[in-house]
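Okay, got some structures for you below.
In the two complexes that follow, chain A is the common piece, with chain B as its partner first and chain C second.
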Partner chain A sequence: MILEFIEKVYRVSKALGTKSPATEDVREHLMHKSERLRGEHRIDYETCIGCDACNKICPVSAITMKQLPFKKQNIVPEVNLGVCIFCGLCEDVCPTKPEKSIVLSGGRYDMITGGWHQDQADFWVNVDVPQSYIDSRLEEEEAARVKKELLAKKKAAEAALKAKEAEVADQTVPETEEKS
Partner chain B sequence: MQDLRKALSAHEILSVEVYKTMWLKVRIDSHDLLAVAQTLKDEGFIAISTVSPTDFLEEDRMEMNYFFENYTTKRNCWLKCDIPRDIEACEIDSITPMFPGANWHEREAYSMFGVRFRGHPDLRPIIVSQDFYDKTPFRKDFDWDAHEANTVENIQQIVDAFKEEQEINEEHLDASSSEMILNWGPTHPASGPIRLKVHCDGEDIISIDPDIGFVWRALEHLVTKKDFVGAIVAVERLCFMDNINSMVGYCQAVEEIADVEITEFAKWMRVLLGEVSRISSHAMGMGGFYNAMGLHTVGMWNMDIREYFLDFLESYSGARIATAAIEPGGVRYGLQMNMLDELQKALDKFDATKDDIKTIFVNNPTMKVRAAKKGIITAKEVESFALCGVVARSSGVKIDVRIDEPYAAYAQVKMDYVVQKEGSAKDRLSTLFGELEQSIDIIKQAKRHIEAEIENGNFNPTKDHMVKVPKKLPKGEAISRVEWSRGEVLMHLVTDDKAKSPYRLKMKAPSFNHTMMLNKMLQGETLSDIPLIFGSLYICQGDLDR
Partner chain C sequence: MQQPNRLRPFFENITFDREDNEMIVNFGPQHPSAHGQLRLILHLQQEQIVKAHPDVGYLHRGMEKMGENMIYNEFMPTTDRMDYIASSSNNYGFALAVEKLIDVTVPRRAQVIRMMLLEINRLISHLFWLATTALDIGAMTVFLYAFREREYLMDIIEDYCGARLTHAAIRIGGVPLDIPDNFIPDLKDFLDKLPANIKDYEDLLDTNRIWLMRMENVGIISEEMALSWGCSGPMLRASNVAWDIRKEEPYELYDEVEFEVPYSDKCDNYARYKIYMQEMRESAKILYQTIDMYAETVKNNETELMAHAPQYISAPKLELMTQNYSLMQHFVLVTQGMRPPVGEVYVATESPKGELGFYINSQGGPYPYRLKLRAPSFWHTGILTDLLPGHYIPDVVSIIGTTNIVFGEVDR
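The block that comes next holds the complex of A and B.
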């Protein structure tokens, strides 16, 4: 009788001490992990060459191209995850090497386990291009433009010089012919 | 084949050629259709796989394609004829009185392309909802945007039609009798998105008229809006349970037109992935059979096994269900050896559970008493209604595309037909389980072969998986058949010159033929037999509606 009672007390106190598996947050512990799991996209705006291939191949038109204030390579993809079917074709066609600019595989899966979406806007993979990057790109383009202009001027000057020389030569050639 | 040529020479044949050794491609005049069809029937071509119109807008003609199959000699005949495209004159003789299996296929051609069939016993629209009646949505000049602009009116039309139907039922049924029309589905736990209009007297079924099209996504049209690679995501949505094999069928057709030969490694991978996908489908099919009877245990057990196979698919392709893993030119990803270890885990799991499933469920005495005499399909019916897959083999008909017209690497796989004799609901369950075991065996063969060849250095698992397929294809057309989990899927692909996307893709799906049988099988049975027989037919609404 007393033994039974002690046993019961022991059992209950032991149960109180252990953590119930039901209280554990399993959203971070996957049953099965795959390196290729097609999850949320990661977009690298620095390597993206703005070729529009991912937008063209997307079978459900989930991708829109964001316009950036440059002259070249001035579009970068943004993905609507509410439309996306996670087929991964955009990653397949991305031509940048060695790293692809748009990558799904190994992406975040927690949008299916819940947790981070509070708002419809969370279902967009947006590309936030920092102002410093925009400035540096604009400066680069400006520098390239100036360089090109200078080069063009130089070329023009050279061409003019050549033309002049040719003219002089043209005038001198007949003279030499006459002499001979 | 020579006999058929001789028999056909009695008619006026415009052209005839042998196609892929198994097929005879014949072009005739549309007025000779009935006479030629009669000859074919006399020659043993009793099954008609499908009727597929192709709309050539620029050439102003509608091309009709008929695919006849001979289940004994395994030779097939592909009949083509032209009819005028103009909606008033778009008419051809119906072959339904001769080939009952053509019934719904002709109705589908009528609703999608507006082809009218003279002499068809029951030419009503099928699949499409009321707002698409008389609108021919698959014709090239149909304006989808204009149709979708009036969504509210369209829905109102569907609602009105439903109310009208109920009123007509009220009027026609004798109020003093116990006759009534019962809607079984689309919200019945065992039905899935299909509505059976059951005309019954008390508990006895008088007739059944299936109303299908609840999940019509117009996949055959969607495919023509995507490029050849992007189309795989539409094709795999034929049915998720077995998505790999439908993509294999489509990719084979593309490769044939592009004249590309895929690598041996890709062929074996297609076998391996296809069988994994077949297992995931069959496991659910077995569960569905018992779920319909009200027992969910086997469904849960099978789901448990299935998860291990899905783990392998996830490791390989990155997705569990919609894998998009087969592309024209091979398979989409390379293989890493640790993935095969995961597959081995799944195989071990199946081997550990299969004896329990077999003794408790497949040989279950209660189920045998209940299902042994129900839903019998004879071998003759199988042929005349062009049934295929599990349903056909349960009735003792030996057909299997993997053996009859081997594709991928199936020619090197050792396998035999899994058949039963009587064709009852119980036999279909036994066949399902038999095929599960067969698939496991094929996976083991494929795995062994791939491992050995990698060891020998013949396969390079990270580089051999893809061959380049040009983005633009030449003008052409091809058909490819695969043994899908539910039966034969026939893909008829037509491309235009320098095409970037398919011009027309007809997908013949097995559930369409099987659902056609419901009325015949359930007449005279009682209401409680509907879930049992419906569940045993292994129907999926995905490929029923497309």
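The block that comes next holds the complex of A and C.
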């Protein structure tokens, strides 16, 4: 009798203490969250090699390539989420290593549940490349160009030297023959 | 007779009473009991139907033409939008057709995963059918129960491929992903509960007077009629023909699993309902066997998921990372598409609705020269012309329900 009473009191107090599931905001906490849920794209501009494969395979042409001011690997995908059908083909074909540079799996889903979009421009996955990265890439390219030029000069000089040596050798060879 | 294009209320129509009293009613295209965009033009004599004319095309997207302007891999997400209740079965039908065309064999592990997906899709589709048909006839409880079970299965599918309705879970030559760790325990949990759940539905419906009135001896399709109208799947099996493509022309690993083909000689709506319930049990049986088969592949260390055919299918990721030539081939396959040899192929698979066939005519180019989709629902809509006359208006809803037509598939 007393045990039953204590048990009831315990149960009620426990129920009062727990938070009701109905008060939870489903926009942040889904009932079922899969790790592979195909949501908003995440694009890594550092690993992207600008091969254009995701743009080519996209069945609804939701991807456009953004031009960057480099000479090589100078395009990065941008996705229009208003057009995208979240089929995951772009992730499938991305060849970069070790991680794919365009990933849907485990992405944000709150554009479906609403809240953050105010106008059409918010439905774009834009790639904001910081100026420091652009500068460093440009510097790298410049350095590579200078290095290449120096190397070419060096090579040319070496070739000239070799040619000269060969000439000298040509002239010297008959002499040695004469000596012997 | 009333003019179909100038409908007036019959009490204003003086000639109506004087002539043959035949009234025309438009059922749909947005009737809540019609499946999607079905417009039925019904000629009524009092409450009895004398003539029925299904008018389709309200959801037409020109999928066959779309397919002829896309590379083969690009078309895969479009097949999701055919029978959107069980989209993996459409993915699979198309993938199998292309695989026959380019003649590749899929690794065993991918085959097992594909069979799991197909049977889960069959369960989803049948549960959805039960829910909506029961709701059409007025059984709210069964609707909620069946949708609850369907939700579990959708979660399992979401764990696998990341989408709930339009899966795009199958690729030409295999599957893109291995199943996650919690997939098999979740599936086993569900399958253990399924027989009790099916029994719940049957307890609610089998002896229900309203259900029996709408189901028994309504919508009788004789064997000859079913065959001549091109019925397939459960519609044909309810008409005393034990025809199942999984048994007759086994594809995938269906010749290795044990299951029965339920059929009935009652030919009415009730027989079709019974067959759907029985098929769910058979699907569960197949799923149990595929779980064992998957464990076997893990034991034998067969980890390949995509077929090896460098001319048509991109190499796996590891090879792309290490070998330059594979990477080049991958880019060619992505940007230009695979070029299957010249030839034509028709492959039929047993989708939850019936025989789902893909006909591809290839001229050696990256796009199919002709792509024909044979969707079962289209033929099941056609039979309404012959089936509905003689029935009453309230039976129309239950008959459309048991034909299990999906308009993504009818209009394509």
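Definition applied: the second predicted complex is superposed on the first by the 149 of 180 C-alpha atoms of A that agree within 3 Å, B and C clash if a C-alpha of one lies under 4 Å from a C-alpha of the other, contacts with A are read in each partner's own complex, and residues count from 1 in each chain.
Convention: a contact is a pair of C-beta atoms (placed from the backbone, for glycine too) under 8 Å apart; a residue touches a chain by one contact, two chains touch by 3 or more.
Just so it is clear, the structure is predicted and the values come from calculations on it, not from any experiment.
Undergrad: Using the overlay on chain A, decide if chain B and chain C clash or can fit next to each other.
TA: clash
Undergrad: For A:Val129, is the partner it touches chain B (first), chain C (second), both, or none of the two (neither)?
TA: After superposing on A, A:Val129 lies clear of both chain B and chain C.
Undergrad: Report for A:Ser105: first if it touches chain B alone, second if chain C alone, otherwise both or neither.
TA: both
Undergrad: In the superposed arrangement, does A:Ile75 touch chain B (first), chain C (second), both or neither?
TA: In the superposition, A:Ile75 touches no partner, neither chain B nor chain C.
Undergrad: With the two complexes superposed on chain A, say which partner A:Lys97 touches: chain B (first), chain C (second), both, or neither.
TA: A:Lys97 sits against chain C, while chain B stays out of touch.
Undergrad: According to the stated criteria, A:Ile57 is in contact with first (chain B), second (chain C), both, or neither; which is it?
TA: Both partners, chain B and chain C.
Undergrad: If you tally the residues of chain A touched by each partner, is the higher count for chain B or for chain C?
TA: Partner with more touched residues of chain A: C.
Undergrad: Which partner does A:Leu37 reach: the first (chain B), the second (chain C), both, or neither?
TA: A:Leu37 contacts both chain B and chain C.
Undergrad: In the superposed arrangement, which partner chain does A:Gly88 touch: chain B (first), chain C (second), both, or neither?
TA: Both: A:Gly88 reaches chain B and chain C.
Undergrad: Could you give the residue numbers on chain A that contact chain B in one complex and chain C in the other?
TA: In chain A, positions 32, 34-38, 57, 59, 85-89, 92, 104-105 sit in both the chain B and chain C interfaces.
Undergrad: Once bound in the complex, which stretches of chain C touch chain A?
TA: Checking each residue of chain C against chain A gives 70, 73-78, 80, 155, 158-163, 166, 168, 171, 176-177, 180, 314, 320-321, 327, 330-331, 334-335.
Undergrad: Which residues of chain A touch chain B in their complex?
TA: Against chain B, chain A makes touches at 32, 34-38, 57-60, 85-89, 92, 104-105.
Undergrad: In their complex, what parts of chain B are in touch with chain A?
TA: 226-227, 229-234, 311, 314-319, 322, 324, 332-333
Undergrad: Given the complex with chain C, which residues does chain A contribute to the contact?
TA: Where chain A meets chain C, its residues are 32, 34-38, 51-53, 56-57, 59, 85-89, 92-93, 95, 97-98, 104-105.
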